[in-house]
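For reference, the structures are reproduced in the following blocks.
Paired with chain B in one complex and with chain C in the other, chain A is shared by the two complexes that follow.
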Partner chain A sequence: MPNLLQTYRKNRTLIITLVILFLLLLLAIQGMSTRDWVVTVLRGLAVGSITFLVAAGLSIILGLMDVLNLAHGTLFMIGAYVGWSMYVRPDTVVDATTPFLLVLAGFLLMPLWMPLLGRLRLGRSATRVWPWIALLAGLALLALALTRYPLSIWSGTEYQNSPIVWNQYFEAGTVQENVTPATFDTIIAAVVDWGSLLAGSVLVGLAVAGFAIARRGPTAQAARSVARPLMWFALVAAVAIGLYVVNTPLSDFLLSLSSNALFVLALIVAALVGAGLGGLMESTMIRPLYDRGIYQILLTLGLGFIGVEMVRSIWGRTGFTMPKPALFSSTGDGCPAESISGWLQHQCSTIIVDIGGEPARIRTYNELFVIAVGIVVLIAVWLLLQRTRLGMIIRAGVQDSRMVEALGINVRRVFTLVFALGVGLAAFGGVIAAPATGLSDTMGATLLLSSLIALAIGGLTSFPGAAAGAVIVGLTQQFIIRYGQLGINLPFLAEPWKPSPPLVPASVILLMIIILLVLPQGLFGRSE
Partner chain B sequence: MSNILEVRNIHTYISQFHILEGVDVEVPKGGIVALLGRNGAGKTTTLKTIMGLTPPRSGEIIFDQEPVQGRPSYEIASLGIGFVPENRGIFRDLSVLENLKIAERKKGDLDRKSDFIFELFPDLQRLIKLPGTHLSGGQQQMLAVARALVPDNRLLLIDEPSEGLAPVIIEAMMEAIRRLSSETTVLLVEQNFIVASQLAQHYVIIEEGRSVQAGLMADLVHDKATIQRYLGAA
Partner chain C sequence: MNAQTTGRFAWKSHIGFIVTVVGLAALPFIMAVMEGLPVGSLLANDSSTAKFLQGLLVEVFILAVFAISYDLVLGVTGLLSFGHGMFFAFGSYLTGVLLKTFGWPLWAVLVGAVVAGLFNALLFAVVLPRVKGITFALVTLGIASVFDILIRTQELNPYTGSDVGLQGIPRPDFLNPVDDRLRFYYVTLAFAILVYLIYKRFVDSPTGRVCVATRENENRALTIGFNTFYFKLAALMVAGITASLAGMFNTLYKPLVSPEIAGLGFTVEGLLMLLIGGIGTLSGAMIGAAILRLMEYYLSRWFGESSAFILGAIYVLIVMFLPYGIVGTWRLRRLDIAAGRQRLLSMFTGRQRETPDEGKL
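Entry: the complex of A and B
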């Protein structure tokens, strides 16, 4: 009991604020029927749960590395688009994996170059010049080989082959019939293209090593192991070419899978692509800028814009929907379901529940599944933070990463891992969001704004704060939207007041301002 | 007699400020060496430079016959150096147990060392579940030293263990450091000359970023002129 009292005294403002927010939520029930209230709360939680998937990574990265990753929204969007591709056009993903792995294989040889180049005794000007030549030659080779690589892909500009039309094929179950497999005309053309990809990435890798030597001077270090990079190179290149050989049967197999299985695959692929992008971004671009905060912000902001343009050029400017997996899409027999078991039996898109004497339509994907995923991720990340050694290192590193390093822990590697995990989670969130909200080139920016506000409300680097902030943002938005339809009865007004749509984003920012005025550290922030 | 640590003529800059302008330290295996000097002389920076936290621009740092200057902190620590910083570096969001566990380099380090650690600092066993925030200054200091004992460290760098502690606690701390020094070599920074002179067998005096004098502590305690000149009134 004294413990409880102590907790209350310490967190008085926080508890009072949460109680007020809770009371406001209860008060909201006065203006609408119980049914509307329940549905609005569910919608708010769903929006909150997607916001949380982005905000969680953002807040952990900000806490541990002091990097505000403004590209996080774009990476969320890229996750959604990659997920859509795996979902509707798995054959394209299989096609694209071969050239990707070949380029990767070339880079895997990089550990060999530093010691090898260090032994070459070149003149000063030669040392400066050759990396540039290698870089340009490598990039030219890559550009040539990549553009000529046969991909069976949709088009962002031509309607007959656009993602929208492929969505229609997907819903009709005729994707497989409309796919035309892409292959090289001759085996020679294939070998030339593969060779160019390998040579191009090897040259770029050499150039990178050359730049490092030109800057820091040659290092006398010997290669730790010659065999290991060579083995990885051979393995990845072999897998790449093997994938080309089994391309058609593999694509056919993937296209014959149910949409539920494809959706799970899409989640996995998007999370992996996100994690890869995050790891690459941290290790190549953010790492040199750890001591220069303003440069990081400009860098991540710029990368965000580049990402949006890339998405536009690959998937087109027009937004489109992502068909829901079969488990959530049926409207036929026995639908809308009247219970959870009825939904599972008929795979309905909606459930009708009786709330307060009125039937409420609840969408199984948007308002149940999304929330469930949010809760599962919340628990999983919480367990990771509290119960694993990695989580312990993250919690310690948030406070003092140099002390963690002085204990003998390679904090740089932890940084890269956490960045990759955070971005992977956002990309995963993108796929979860896509069937509910559709795909568009603005989905990233919108969500980045929401999650930044969620972070500010929750206390920037606090993980429970990010979760609470995301839920508050989601609920506020949805209640304002609902009141915009119903109107609020305010005293001294003859007609109910209807908040107009622009008030939806404004309301969240207003709420943030109020909360920060009362609690400058945010709900769960720590005063320094 | 072999030295476990040799610091030779290190120069360290923090941003553009030349903080260490030639520091030499020799730490023989076993026992305690004290770094002495006035506030701001560069004692703490010397420890941080050895740890790789403020890497030296020139000079050599040899730990157990291996040059370590320029290597990242975590590699230096992994060679077997424990660091107890001036601010104690206790992680607030971690419990006492987690603060100890995070220092493990191999699985089971803490289990093997816990008897020794809790014998030195019996208080910690009672506090094991508390978060780092709830510890008093003395308890934090004990935890910081205990944490450095969890892995198999061959050298401990301890910065100002007596700072801000009550006299009774200082006594206990000194006793603990004396006992652990029979297992591990200690390089100690200590402002309080009485504490340092009772603990250490060797000393190095640092003045304005240079090491100016080194020798046996037994000789220094009688050398009132040196004490007066470099350390102020003793």
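Entry: the complex of A and C
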């Protein structure tokens, strides 16, 4: 009993805040009919689960390596767009994989350069100048080869070939008929292009090694293994060219898949692309800045803006929707369903359930599937953190990463892995969110803001805090939106006040500021 | 510093500043001469390339003031604020609304802008004692986002024009950039120089020194016995007033207010200016603003839509490879360069000269 009292005393502010939040929820529910609040809570949980997918990665990354990744929203958006491409235009993704793998193959040779260049004895000015020449030549070659690479791609500016039109083809099931396969005219052109892609990436790799030597002086290290980089190089290059050879049959096969299978593929591809981008970002850009605190934030902020521009140039400035997979899209026979089994049987887009004497329309994708995914991911990440060795290292690293390093664990590798995981999760979330909310170039910024708020409310580095914060943000948003439609009866006002939709994010921000003023560490954050 | 030790004005250590001021003051005339125009046509306000470039430079001066005020908060005092754009936007909007809707005279608008700057600083100061570091960044970002959302709402449409922004703001007679751009040029130039001198004085004053100490190690400053809150508040207030005044000039010059300046993008632009020039160097912020504005102009002329991408790439490259910016790097290397020159000289004269005095960073 005294124990309980002690806990209460220690966390008095927290408990009072939670009680007030709960009372506010009750008050909000009071003003609605049962059907209304059930649907609103479901919507809030759906928004919360998407926010959670972004916030989870942000929170673990912030906790482990003290990097506030402001590019997370953009990466979420890139995930959504990549997922859309895999879903609607898998042939383009197959087309683009070949040049991408070839460039990767060129970079895989990088471990060979340092020892090789170390033996080269050049004058001081030559050592400084040649990497620049190699870099410029390499970038020029890459740019030339990439722009000339044949891609069967949509257009960001032209309406006839825009993603919107491809969505229409997708819904009519005629994507395959409209795709024109993209191949090189002659095999010589293909070989030249592949060659310049490889040469370009090799030159850039050489330049990077050259810069390192110019800065630090040649190191007399011997190549650890010549065979391994060469083997990887050969493997990746072979896969790339093999993909080109089987391009048409593979594209046809992918295009003939059902939309459910494609959606799963899109989730996997987006998560992988996100993880790859995250790993690359951490290992090349953020790692050199670990001892320069504020610069990491500035860097990720800049990367976020670059990412938005990239998305705009590839997919266009106008937003579009992503068609829902077949399992959630039917409106025909037997729809709207009246039970879960009815939905599975007819694959309906909505279910009508009787709540409190009124029929409630619940969308199967937006309000059931998204929540289910959020819960599954929550449990999966929880298990990862609590039950695996990696999770143990992460938790220990959040407490004190230098101590973990002192114990002989390669923390740097864990950093890269966690960054990749976090970004992969955000990209995965992007694909989950896309059919529900559509794609636009502002989706990243919007979601970044709400997940930052969720983090701040829950306590910056606490994982359960991120989940709780995401749910609070989602519920608050949806209740305010619903009240915006119903109107709130305020004292001294004759008519009910209807907050306009743009005010919704403002209310969440205000909630955050109030909670932070009461509890500067957030709800579940550690005090320092 | 030399001025204080010798009791005489040290021309040498201020030569860069003096050359810049004189150069900028003479620039409109040099431009006119280079274009082959008589000076009279410049005074008569004929439209020409010279007039256009004056306009571009006016924007540079305004942005330079915004950048230097951001530098005081972020670079000198070390407050990680992501809501600084709001100070500028608040001043801009207030000026627009006061002139357009309420028809206030210019001097009253000026007072209003100063009060608005103080108000904004106090708004940030409310959360200042409670939150630090990243949380402070989030809260300031949040406050600025609320402001951004508010000015875009339908509820305030009659005043702020929501998504379209404020247009058709009446120009006051005294400061009219169309009828008499040269005067506007000199007023904004004088404003920028004045702000620079005040800031320089502020940072060198005991108060400013404590601000720097707060940035370096807040706990130590507290231990010595300074209540750092007041010093942070002072820095915020000074920055708030100047940014707000810069916003006022922005509205007077354009004369319209687009809601874009209230978004996070504008704050990031400010960050980019600081990074180009060097965080915490004051003069670097102004140089950075000049470079950024001119670069933006020429990039968008040459590359069109992809200029934003190039700017982003430059931003990332600077963060990674030139973290102290132009002025910061120069100050770091200045001793190296001076030492190299000394070595070279001593080779000829054959005797050791005393090492150059420590530069202030």
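Remarks
Throughout what follows, the second predicted complex is superposed on the first by the 511 of 528 C-alpha atoms of A that agree within 3 Å, B and C clash if a C-alpha of one lies under 4 Å from a C-alpha of the other, contacts with A are read in each partner's own complex, and residues count from 1 in each chain.
Operating definition for what follows: a contact is a pair of C-beta atoms (placed from the backbone, for glycine too) under 8 Å apart; a residue touches a chain by one contact, two chains touch by 3 or more.
Nothing here was measured: the structure is a model prediction, and the numbers come from that model.
Contacts of A:Ile16 after superposition: neither chain B nor chain C is touched.
Of the two partner chains placed by the overlay, only chain C lies in contact with A:Leu503; chain B stays clear of it. In the superposed model, A:Leu298 makes contact with chain C only, not with chain B. Between chain B and chain C, more residues of chain A are touched by C.
Looking at the shared chain after the overlay, A:Val411 reaches chain B, while chain C stays out of its contact range. In the superposition on chain A, A:Met403 makes contact with chain B only, while chain C stays out of contact range. In the superposition on chain A, contact of A:Ile393 is made with chain B only, not with chain C. Taken together, the two structures place no residue of chain A in contact with chain B in one case and with chain C in the other. If you check the complex, the residues on chain C that touch chain A are 80, 126-127, 130-132, 134-135, 137-139, 141-143, 145-146, 149-150, 152-155, 264-265, 268, 271-272, 275, 305-306, 308-309, 312-313, 315-316, 319-320, 323. Those residues of chain A lying in contact with chain B across their complex are 389, 392-393, 395-396, 398-400, 402-412. The touching residues of chain A, counted against chain C in their complex, run 62, 68, 285, 288-289, 292, 294-295, 297-299, 301-303, 305-306, 309-310, 313, 445, 449, 452-453, 455-456, 460, 500, 502-503, 505-506, 509-510, 512-513, 516-517, 520. Remark: chain B residues 51, 53, 72-74, 77-78, 83, 85, 89, 91-94, 98, 101-103, 105, 147, 151 touch chain A in the complex.
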